[in-house]
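Okay, here's the structure, questions in a sec.
Per-chain numbering from 1; labels A, B, C and D assigned in written order.
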Amino acid sequence: MPAFEPQDPEYEKRVRESFGRQQVMQAIGASLTRILPGTVEIVLPFRGDLTQQHGFLHAGIISTIADSACGYAAYSLMPADAAVLTIEYKVNFLSPAQGDRMVARARVTKPGRTVSVCTCDVFAVTNGRERIIATMLGTLMTVREREGLRG
Amino acid sequence: MPAFEPQDPEYEKRVRESFGRQQVMQAIGASLTRILPGTVEIVLPFRGDLTQQHGFLHAGIISTIADSACGYAAYSLMPADAAVLTIEYKVNFLSPAQGDRMVARARVTKPGRTVSVCTCDVFAVTNGRERIIATMLGTLMTVREREGLRG
Amino acid sequence: MPAFEPQDPEYEKRVRESFGRQQVMQAIGASLTRILPGTVEIVLPFRGDLTQQHGFLHAGIISTIADSACGYAAYSLMPADAAVLTIEYKVNFLSPAQGDRMVARARVTKPGRTVSVCTCDVFAVTNGRERIIATMLGTLMTVREREGLRG
Amino acid sequence: MPAFEPQDPEYEKRVRESFGRQQVMQAIGASLTRILPGTVEIVLPFRGDLTQQHGFLHAGIISTIADSACGYAAYSLMPADAAVLTIEYKVNFLSPAQGDRMVARARVTKPGRTVSVCTCDVFAVTNGRERIIATMLGTLMTVREREGLRG
């Protein structure tokens, strides 16, 4: 895995500010636990009110933290005046999303001027042990020209 | 689009009961508005606390209703004693998720004994006008043997 | 399904010329059988030398015609000086690819200035009867600035 | 990345025999260059007759080798009497597929009794230097019951 050089030295601040504006992260109780150039980690403690019919966290909630992790991994490498949008993603669900908390770890596979590609693995942590529960492959877009879009 | 014959005549009741156990649907305020064999519609009114950094609904929340719509479209064609699990899905985000409410309409492309494939289009409704904002292609699994898994 | 207005009235000629330069289409024996704004059909007669281990056409060969169909569906709506590149696609394989010939029918879901989204259904035709065997959801990019890229 | 224990000690022979029956591999000139439990590598020398309109290898041809690499990575961990089928895959195309040869390296992310998930990175090799050009995330199925399906 190559190391990436951020275009904007203030990348961490920019990512934290944008994450802070994602109201859904507060709603579900997710927090940003690690930011490096091209790498982002988000943690979500288990909550019974976010579950599907079998008592596991809903696939869409897993996608929510994985998408934000991918988006901010890509965003960390973008220029200071850019915004990031998700073009698409695909997620495979590998095991039931149950445990004390979920950890989504994303990294950039290929940064691009317009299009970046990221992957994210999501792990369930139970009593300190990690087990992979999902993996995402997604495509993010650098948006510059739209007024009113920050971050 | 072919019409599907449900294996279980009680399919609608079975879908409604399972949906009722998806606690995340209550948490985000989504409701089940249409069930036919192989077709399910879920509606989500816009809520500011579910948004991303630009004030649009988060891609993961759109995925949440689209995944449940796909899952229940597939589940409506499954035998009475089956449970449904999401193997994977891919979603393209076509336009910002803003509007009065979001409507996810899923239908089964190919039902299968073990694996079913579904698509879901998600529309934003503003003043009664619909605009497509996302499209999902997903793979669902019929699970029979696992004890303790209902629906 | 909305009708699309092509930006370039010569779209059909442009698609045919670009398809003619795809040497792999000749190598596998595929032909372009229908072009409308935002819609393209490609036909591939069955050939034993393109099969996988069970004697069905290989999934990658099905992807080859589906990707070209999606690409040209998107390309038919692009301006005259644009080139098209595939960003990514996802394909579900629904039934074994066997029959007299395969027909890939693609249409644009959402055209965009930079990014377009298309779907393609692939059918196996046996004694004049069609059966769906695969479905693709893909993302295409309009490229303008790269010199040397035609079509 | 965990090491996997094959269920069938003859896995390598089984993979080689099945690959040998994939006629499309001979047609495009691909060869199997590495087999380990859960890991497979396939090499494809560049050929002008497999190109798209810009002279790069067609995305579908890249998918062909990546799909076989994923399929055989999963197959290497399956029981001796199983066959493997591709349920679906998604591929991102990261750079033009040009170079002396393409190398597809697949590994199993999660083996399963019925469903396995694999990833494959594809590299273009030019004068001995590798550059990533595509990445696949796919879902494979273990098939036991269908008569007549070998490998």
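We take it that contacts are C-beta pairs under 8 Å (C-beta built on N, C-alpha and C of every residue); 3 or more make two chains touch, one makes a residue touch a chain.
Bear in mind the structure is a predicted one, so any value in this text is a computation, not a measurement.
When the C-beta contacts at B-C and at A-C are tallied, the pair with the greater total is B-C. Distance between Cα centroids is largest for the pairing of chain A with C.
One finds 23 Å separating the Cα centroids of chain C and chain D.
With each centre defined as the average position of its C-alpha atoms, the distance from chain A to chain C rounds to 32 Å. Distance from the chain B centre to the chain C centre is 28 Å, each centre being the mean of its Cα atoms.
Across the assembly, chain B contributes 87-88, 90, 92, 117, 139 as residues in contact with two or more other chains. For chain D in complex with chain C, the touching residues are 18-19, 21-24, 26-27, 48-54, 58-61, 63-68, 83, 85-93, 149-151. Against chain D, the residues of chain B that register as touching in their complex are 87-88, 90, 114-115, 117, 139, 141.
Across the interface of their complex, chain C is touched by residues 90, 92, 94-95, 109-110, 117, 119, 132, 135, 137, 139 of chain B.
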